[in-house]
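Here is the structure we will look at.
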Amino acid sequence: MSPTDLFDLVLLALLLTCAIGIARLKDLAACAILFSAYSFFLCLVWAHRGAPDVAMTEAAVGAGITTVLFLTVIARVGRREK
Amino acid sequence: MNKRKFARVFTMALLAALAAPLMYGVLELPPPGQADAPAHSNVSAGYIEHGAELAGSENLVTGVLLNFRALDTFGEVLVIFTAWLAVSAVAGKGSETGHDSTPPSPVVDYVVRLLGPFIAIFALFVIVNGHVLPGGGFQGGVLLGAMLILLSLALGRESVADLVPVRSWIWLRAAGVLAFSLVALLGLPMTGYLFGLPIEPALRHALMIVLELGIGIGGGAVLAGLYFAIAGVESS
Amino acid sequence: MTVVSSLASHIDYLVAVSLFLTGAWILLTSGNLVKKVIGLNIMETSVFAFIVTTGMVDEGAPPLVAAGLQGPFASPLPHALVLTGIVVAVSVTSLALVLILRIKAELGSVELDEIALAPKADDSAGQSNQRGSADE
Amino acid sequence: MSEWPHWLPLLAVLPLLGGVLTPLLFRRRPVIPCFWAVAVALVTAAVAVMLLLRLIDSGDFSYAVGGWLPQYGIELRFDQIGAFALPASLLVMLALVFSRHYVARTVDPEKISYYYALVLINLGGLNGFLVTGDLFNLFVFMEIFSVSAYALVAMARQPIAALAALKYLLLGALSSLLVLFSVGVVFAMTGTLNIEDAAVLLEGSSSMPAGLALAGLATGFAVKAALFPVHFWLPDAHAAAPAPVSAILSALVVKAGVAGLLRTLELFGGGESLYLQPLLSLMLWLGALGTLGGALMALVQRDIKLMLAYSTIANIGYIFIGLGLATTSAVGGAMVHAVNHAVMKSALFLAAGAMIHQTGLRNIDDLRGLGRRMPATAFGMAFTLVALSGVPPMAGFVGKWQIALGALEAGQPLPVAVLVLAGLVVLAFGVRMINALYFRPPARVSTVSSVEAPVSMWLPVLILAVASLALGLAGSSMLEFVAPAVQAIYGTPP
């Protein structure tokens, strides 16, 4: 298990935990922030595995713009999921 | 309450039934990372061998996007513009009541004013150097959009929206589509094919820069526009 | 190839598929419209992860034919596809969020079971106005 | 003139560019966008005629975008499925003429140019989807016409429109994801995205990933085509959308799903993949259930647009029965019925839109006695309802008769029974509607005082009504025109 494989495995595990965390959490703002972390881990996986273009875009779009859009809407619509 | 419970159990069963063939089917694919898998030996091998000089860009992804599969990118730039068009066509009364809640703290204000220009320079650098380094129209455009949203978060939405008069915001957002249409129609006389880039390196390089700038500025303006529409700025 | 080693070598694909299913679970079971859109985004990014993984090569250099890089190059085609896909995902998400804002403003709530209880706005509008502006 | 090769990419690029320019050039003007949109749709229809002429005298042809070899660049292919772009462009043109007065009242004034832009972009995306020979390009054009369709549904000011559009969006995005996942699987297996090359490399392989890709593509396009179990987004979206948008959705966007499924069969149909037979019989039985369910639901509806929406689900069921039977006459009948249904259903939705626009009422019982008040529109609707129910010389009969013949050929009597039963139900709600229009006294004050819709509204309805008769008479030549495509897609029919 070379160190690079370990690094990938840890990132993949983090991805899964973020997704499951979003599934279980009721507080939408926390879900949005977890989604931002999820996108950033995905960006790290791609940057490490030889896909810099896509990593850069995913970081700026996933962690950046989409999360800001979610938080803006959540601020207007209400934080708690019934 | 048990209706919701039944729905959850039913969805769980449905997804479990879906998971088995998905996982099994994916396991049968050639393992990722194998250099001789069909994904690398077929079309991609051709791109890697002589993609650089044929498409005129060392970054093969930009070569594929602007030269080999230009119609995809034209469709893509069009999806971006259609998204902004759809959002401003659909935004109802609900989104007009945009209220600037609490003014940002001076620290945020100062940091954003400091960072703003550097992000802009980096975004333009990424756009223009798309064919040498990782980057290109989309990446730069997204960075530009993120910067505009950051500025409007800190300096207030109206100030950024009024940065450019309303009429020209639309022309900026359509920059990608217009640049691509120009290059596509130019391709006809020069290469005999629509969307064809000419062979001479200098002219091809210039046209690729035009495309990159169009996609980047168009993408950034649209993404900022999407945020303005959602945050309730009556800019367009 | 023993089962364990085939599982290990396909770990990226398996993670992508399980993220797809998690996103589907969020989309299907959550009653809140915003949560559904977050679930949709997770499904989309998982499909992009799957497509980028098809183009990966072990110790593969990024698809940059610069002087410094040699060795097997990652395939550039999936990267171009995913770049297009990410931007499509943003477009669809922002349209969905604007629709959610309009639903909140006009129907009062973003919880599906609360909206379902609201009186069928459509019928009442149909009957009430006679001539003049068509409700349609 | 029709030999000029560059018509093919322009078929998609022209309406897309025309759509993008609409808000740029005419942002604040209420009337010019309509004339501009009708002009662009007319030019697109002319380009489609050129391509059709070349197809008739020299068969399928393709165009390498950017001049690259097919597997390195994107290849556009014009065949019988691509020929659907001509009726599509003409129908959109008529819907745009209809929108002139209709939209002025139902859409906010400053958004009128956005409406016409979205309709043109929808047409461009549809034309591109029909002619592309590249899998990922298929996905991109699908996204273009889907995003514009979601927005067009939501442009109506009704509160229900936003919710219906969001349901349509979530399901549409889910189906696009399934298609993209399958494109990824096909790329991982064959390394190419060109449909023809991938079909050769796959040659009907029965491996598990091939099955996965086939299932993903089939499900994704079935959702876009509103096939039976995944049809529930359609009634709300159609009922809430403005009438010309409902016409475009029912006539064209839903048929794109069917065209996508035909491309999928092309990709996997050639060889003897083990997954093909179960998929075809699944399509057959889901189509039969959809036909019955849709027809019965249409009968019980009170809202006229909901009735027409469920009738679309029934007709999509017909088409899938034809595709599922996989015999030459059945599939030919299904493809011809797709065109005929497009013409008839857009006539009905436009006529219903004109009636709602004049009286403000949607309930069938409220629209009683409109036969005298709105003679042209009522006649157009009645005439097309008769055509829809499949009375012999008219358009509805051609497709259904061929599918029934194909069913007997394939030794499957049950679909014939379903077709006959559904035909009777369609006849029933047609007669009920005609009875309400002509032979019942007006029940509401607004129907008594209503006056005929403006010319720009009833003229397209009449043109389409006449077309539904003309297409019926031209049925046999259309069947011959479609036959080579059936041969190409299904290989030797199983």
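By letter and in written order, the chains are A, B, C and D; residue numbering begins at 1 in each of them.
By definition in this document, a contact is a pair of C-beta atoms (placed from the backbone, for glycine too) under 8 Å apart; a residue touches a chain by one contact, two chains touch by 3 or more.
Note that the structure is a prediction, hence the values are computed from the model and not measured.
Student: Considering only mean CA positions as chain centres, point out the chain farthest from subunit C.
Tutor: Farthest chain from subunit C, going by C-alpha centroids: D.
Student: When the contacting C-beta pairs are counted for C-D and for B-D, which pair yields the higher total?
Tutor: Output for the comparison: B-D.
Student: Would you mind pulling out the distance in Å between where the CA atoms of subunit C average out and where those of subunit D do?
Tutor: A distance of 26 Å separates the two centres.
Student: With chain centres taken as the means of their Cα atoms, state the distance from subunit B to subunit D in Å.
Tutor: Averaging C-alpha atoms per chain gives centres 30 Å apart.
Student: Provide the C-alpha centroid distance between subunit A and subunit D, rounded to the nearest whole angstrom.
Tutor: 38
Student: What whole-Å value do you get for the distance between subunit A and subunit C if each is reduced to the mean of its CA atoms?
Tutor: Chain centroid spacing, subunit A to subunit C, equals 13 Å.
Student: What parts of subunit C, by residue number, touch at least two of the other chains?
Tutor: 12, 18, 20, 25, 31, 37, 50, 53-57, 60, 62-63, 77-79, 81, 83-84, 86-88, 90-92, 94-95, 97, 99-102, 104, 106, 113 - these are the residues of subunit C that touch more than one other chain.
Student: I need the residues of subunit B touching at least two other chains; which ones are they?
Tutor: Correct list: 22, 26, 29, 39-40, 43-44, 47, 59, 61, 69, 72, 75-76, 79, 82-83, 86-87, 90, 92, 134, 136, 138-139, 142, 223, 226, 230.
Student: Hey, what residues on subunit D touch two or more of the other chains?
Tutor: Within subunit D, the residues that touch at least two other chains are 136, 140, 143, 147, 150-151, 154, 162, 165, 187-188, 193.
Student: Using the definition of touching given at the top, classify the network of chains in this structure as line, ring, star, complete or other.
Tutor: Graph shape here is other: it fits none of the named patterns.
Student: Provide the full list of chain pairs in touch.
Tutor: A-B, A-C, B-C, B-D, C-D
Student: Give every residue of subunit C touching subunit A within the complex, in rising order.
Tutor: Listed in rising order, the residues are 11-12, 15, 18-19, 22-23, 25-26, 30-32, 34-35, 37-39, 41-42, 45, 48-49, 52-53, 55-57, 60-63, 74, 79, 82-83, 86-87, 89-90, 93-94, 97, 100-101, 104, 110-111, 113-114.
Student: Across the complex, what residues on subunit B touch subunit C?
Tutor: Interface residues on subunit B, with respect to subunit C: 4, 7-8, 11-12, 14-15, 18-19, 22-23, 26-27, 29, 31-35, 39-40, 43-44, 47-48, 51-52, 58-61, 63-65, 69, 72-73, 75-76, 79-80, 82-83, 86-87, 90-95, 132-134, 136, 138-139, 142, 219, 223, 226, 229-230.
Student: Which positions of subunit C touch subunit D when the two form their complex?
Tutor: The touching residues are 20, 27, 33, 36-37, 40, 43-44, 47, 50-51, 54, 77-78, 81, 84-85, 88, 91-92, 95-96, 99-100, 102-103, 106-107, 115, 121-122, 125-126, 129-136.
Student: Can you list the residues on subunit A that touch subunit C in the complex?
Tutor: 8-9, 12, 15-16, 19-20, 22-23, 28, 31-32, 35, 38-39, 42, 45-46, 49-54, 57-58, 61-62, 65-66, 69-70, 73-74, 76-78, 81-82
Student: Give every residue of subunit D touching subunit B within the complex, in rising order.
Tutor: Touching subunit B from subunit D are residues 6, 9-10, 13, 16-17, 20-21, 23-24, 27, 64-68, 71-74, 76, 111, 114-115, 117-118, 121, 124, 128, 132, 134, 136-137, 140-141, 143-144, 147-148, 150-151, 154-155, 162, 165, 185, 187-193, 201, 207-209, 211-212, 215.
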